[in-house]
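One chain, subunit A, links the two complexes that follow: it is found with subunit B in the first and with subunit C in the second.
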Partner chain A sequence: MVALAVPYVLRSDFWLGFLITVLLFAALGMAWNILGGYTGQFSFGHAAFFGTGAYTTAVLHIGLGLNPWLGLATAAAAGGLVALLVGYLSFRYGLRGSYFALITLAFAEVLRILANSAEFTGGGVGLYVPLDLGIANLQFADKAGYYYVALAFAVLSLVVGWMLERSRLGAQMMAIRENEDAAQALGVDTFACKLKAIVISGALTGIGGAFYTHYYLYIDPGIAYGPGVSVEILLVPIIGGLGTVFGPLAGSAVLHGAGELARRLMGDAPGLSLIFYGVLLVVMVRFMPEGLMGVVWRIRRRSETQADA
Partner chain B sequence: MTRMNKSLSRRHVLTGAAAGAAAGSFGFPAILGAQPAAIKVGILHPVTGALSYSGTQSRFGAQMAIDEINAAGGIKSMGGAKIEALLADAQSRPDVGAAEIEKLNEAGAAAVVGPYASAIALATTQAAARHGLPHVVDVAVVDQVVTRGLMNTFRFGPGVKKTVDTAIENLIKINDAAGKPAKTVMIVHEESAFGSGMATTLNAELPKHGFEIVETIKHANPTRDFSNIVLRVQARKPDLLIPSNYYNEYVLFARALRQQRVAPKAIYSILGGGASSYKFVKEFPDAAAFVMDCNHWFDPRKAAALALKEKTEKQGLFYTYEVFMNYSCVYLLADALERAKGAQRDAIIAALASSTFDMHVMPYGPTRFVNGQNQGAQPVTTQILDKDIKVIYPLAFASGNVVYPMPERRA
Partner chain C sequence: MLDPLILLPAVINGLTMGAVYALVALGLTLIYGVLHIINFAHGSLLMVGLYGVFFLHRAGVDPYLALVIMVPALFVVGYALQWSVIGKASHGSDQNVLLVTLGVSIVIENLALYFFTADTLTVDTPYVFEMIDLGIALVPLPRVIAFLSALVLAALLWLLIARSDLGRAIRAVAKERQGARLVGIDVDHIFAMSFGIGTACLGAAACLLLPMFYVSPHVGHVFVLVAFTVVVLGGMGSFSGALFGGLLIGVTESVGGLLLGESLGQIGIFLIFIATLMFRPSGLFGARLS
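What follows is the complex of A and B.
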């Protein structure tokens, strides 16, 4: 309810834009969290799914005039498909831990180079989505429209995460994270389970990429498939709390809030805000290894023990 | 990083009110009302990230113009109102650029100047258009910046199409005047929007004018070893070599060519990252000698252009095109503010649209915007002669005589 009312109360386009970014990355972080947080498979290449989603809707919209709302769905399908391919190849050959992280990074880089060379992706020039304001076109004159789409996407991701946490599949995923061999010994089909996790994760990430395309109306290989995207996506749940429902939301808010705070505090000296931001991240990872949600639990536990006493 | 308006803190208001009350009660003339409110102008560039060098150079150029305008009494039609720069950093990212526009809008910017790079400009002009915020684009050469029908966008410099057309036109003149020694061409370009866009256009245009393109080579950013590419150039022996890359790669490539003694009849680049750079000329005079480039360049006959050069070099900076382009853009905006007689955005947009500004340091003639593109804007062809950058074409602005084909460069 509060979230729905925000655009009516908050009359600042800058802060609305800030919230859109927070929600977008909360959703992307949750998508990563499904694979990385719950299933324990750390991906360093979620840009592969993000970029595929972004390019799918852009290419189909510009080339064939596909409606951008349908573009969100096709982006999900395309993201899921690429995830299936990446997942099948890497899980089939038993890649785990840092090897899995490296292979995902490699896939994202391969796709970046392909997008850079192919004709239909516009090569290095990238793709421009024509400016044509209209709700049917997923282009809003008012930022509030984008806000609601981002909000819906974040809610969708969190609900998927929440449902997974309470489902049989979710329990199997967590079993794999804790001890894959033991899970297998107990009869969990680890291959199928990991594949499901990566496909759900990839599909959600694809939606995020499509939203990015229609929000900024321009993508190029560096923006869509660059390692920067992968890192930004995985930082969110790591800061917020791995394998938790509200971790990505908290992580995204803190990550982007800290970035903004750094810019306001550090004023005009170029780059100083980035140094501050980096130091803040190092400190957070050092002193809150379980993320923000870990801190919340610790406080709650302490207050509970005090109540018991 | 937007600098918020600090001039109107609570304390200032209180002191002002107290002073005003005191002045009023003692019957002094009210001096406070005499100072008109400053006009806030967003100066948005990528001062951090991959494009930080160009961004800081751009910011410097804009700041120089603002300082000069304020020192000369501000905007006269607004009672000498000063221009207040709201400095913003796009961090070399389009999305950050768009967010900075929102911030500038809320800080009450009357207009924005920037943001150097094409990808960032596509995002910032669009974001500014939502608020009817006038946006003077300095460089950002991609043609889509001005072809989307945005009423708030005014690009001062030439676009890619205009630049390539002029470059080819000048190349043909140079080649014809020397008795057409060049037939074959080889293109070496970087892989992002700028280099690949250029390569595509050249591949389409040059054959129409009787040039044969023997090979087009693409390289990644960054590339630090050009020896293989140079070997291929050596094998192909093209008459003309057209490099299209950013500063570092441009310089490394030119040095590798020099080391391997590869000597085409000309090295002719278009918007080349290094060729029109005093830094390159100063640091690697041998590799830079006789290199030609079609690029943004100041009018060497204008006193203001040379005065700015001196000021820039006094600060220990190189006089790059970012500096004089942004310097000119701020003056263009100041001229519009002068005629708009107020900081209303509509009035500024109307004033820009009807601009005939010609007090810039560029070889452009009077400014005239059609669909947001300055029709007067044109690049010039330069050549590095006697360790200096000379304009060689068009002849009306020339400060040196073309040397072509390139003479034997001593080892």
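What follows is the complex of A and C.
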């Protein structure tokens, strides 16, 4: 309810833009979290799904006039399809841990090179979505419209995560994360289960890519498939807390809040906010490997034991 | 078929570039072989080395003479990095190491961007355009030097690991951490030594590379995935594999660029990478550092 009222209270475009970024990356972070946090398969190439979603809707909208709202759906399908391919090839051949991280990175690079060379993606120049304001066209005169779409996307991702956590599939995914061989020995079809996780994750990430295209009205191979996106997506749940429902939201808020603060304090020099992200990543892994949610739990547990005593 | 007059120079060109890839990959494969970690910061540490050589050159030091300074300097950087940051933050988990080295590389790269801006810099030396006539093709002198140095460096590394006491300790740690600790080897020190030596290789690579290449904050990206490909292809932890893999990748890229054009040519590297990971993750040579 509070989230719905925000645009009426907060009339600043800057802060709405900030919230849109936070919500978009919270949703993307949750998508990564489903595969990385719950299932324990760290992907370093989520840009493969993000970029595919972004390009699918851009190409279909510009070339065939497909409605952007339907574009979000096709982007989900396309992201899921690429995820199915990547997942099938990697899991079929038993790639785990570092090897899985590397192969996802390589797939994203292959797609980046293809997008850079192909004709219909506009090559290195990228694609511009023509300006045509209207709700039917997923283009809004002010940021409030985009805010609601981003909010809906974040809620969708969080609900998917929340439902997964309570489902049979979710339990199997967590069993794989804790000990894959043991899970298999207990009769979990680990291959099918990991495939489902990566497809759900890829489909959600594809929607995020499509939203990005229609929000910024521009996409190019470096933005869509570059390593920057992959890294930003994985930072969110790692900072917030792996395998938790609210971790990605907390992580996204802290990450982008800190980035914004760095920009405010030290000026908008190139690379500055990224230095901050990198330090944050190292510090989190060093001192809070369970993320922000882990800290929240620890505090809650401590206060509970004190209450008992 | 392609005219051999076009193909042969492309192959030679690829072999010399491949030698540089091999140089970069040698350090990476050593770090993997001992610590069993994927070092994402490898490319950015190479970038640090390249800036080092660039500023030394500006101060009047020839890039090849800079070897004497850069190799020990990067050894210290690598040792300190593993000792103070990576080892401490990893909590013994491979995935944490991935994240920490990723974080380190983001920091290094963007510090460079902040201080040196995104400009692409090159050095100007009298011998840059000097050519060596190999009968079938003219090859720039720096490329010939890089090629020969890669062979020498690979041999030196092999000697160090196979023949010295330090090498014996490194192999012991690589094979059996607990056992090595029990017989009195300081495992954390050996980890840091391995990381330092692997980074020192980058110091050498930077000195040999800069006369024929450029430096910018993002130059590491060009090499990091290629180096991973080389390491995986050659077999993680195998020096001869890294050397052979580097040359093969160099030729693939060069010939691929000739057939498919510059931007699409690189795709061959990644397809090889994906195929190797899928079908032969232990690499062509498969041998571990043991």
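By definition in this document, the second predicted complex is superposed on the first by the 291 of 309 C-alpha atoms of A that agree within 3 Å, B and C clash if a C-alpha of one lies under 4 Å from a C-alpha of the other, contacts with A are read in each partner's own complex, and residues count from 1 in each chain.
The definition used in the following text is that a contact is a pair of C-beta atoms (placed from the backbone, for glycine too) under 8 Å apart; a residue touches a chain by one contact, two chains touch by 3 or more.
Computed from a predicted model, the values in this text were never measured in an experiment.
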(message) Quick check on the superposed pair: does A:65 touch subunit B, subunit C, both, or neither? Answer first, second, both or neither.
(response) neither
(message) With both complexes overlaid on chain A, does A:187 touch subunit B (first), subunit C (second), both or neither?
(response) neither
(request) Give one of first, second, both or neither to describe whether A:263 is in contact with subunit B, with subunit C, with both, or with none. (result) first
(message) For the three-chain arrangement built by superposition, which of subunit B and subunit C touches the greater number of subunit A residues?
(response) C
(request) With the two complexes superposed on chain A, say which partner A:126 touches: subunit B (first), subunit C (second), both, or neither. (result) first
(request) Could you look at A:279 and tell me whether it touches subunit B, subunit C, both or neither (first, second, both, neither)? (result) second
(message) So in the superposed three-chain picture, is A:109 touching just subunit B, just subunit C, both, or none of them (first/second/both/neither)?
(response) second
(request) In the overlay, answer first, second, both or neither for which of subunit B and subunit C A:271 touches. (result) both
(message) I'd like to check the shared interface: which positions of subunit A are touched by both subunit B and subunit C across the two complexes?
(response) 116, 124, 270-271, 274
(message) For the complex, give me every residue of subunit A touching subunit C.
(response) 42, 44, 89-90, 92-93, 95, 97-99, 101-103, 105-107, 109-110, 113-114, 116-117, 124, 227, 231, 238, 269-272, 274-275, 277-282, 285-286, 289
(message) Considering only the defined contacts, which subunit C positions touch subunit A in the complex?
(response) 37-38, 85, 88-91, 94-96, 98-100, 102-107, 109-114, 117-118, 217, 221, 225, 228-229, 232, 261, 263-264, 266-267, 270-271, 273-274, 277-279, 281
(message) List the residues on subunit B that touch subunit A in their complex, please.
(response) 1-3, 47-48, 52, 55-56, 87, 89, 91, 94-95, 98-99, 102-103, 105-106, 119, 122-123, 126, 130-131, 142, 144, 148-150, 190-193, 195-197, 200
(request) Please name which positions on subunit A make contact with subunit B in the complex. (result) 12-14, 17-18, 21, 116, 123-126, 128, 130-131, 141, 143, 216-218, 220, 222-223, 263, 266-268, 270-271, 273-274
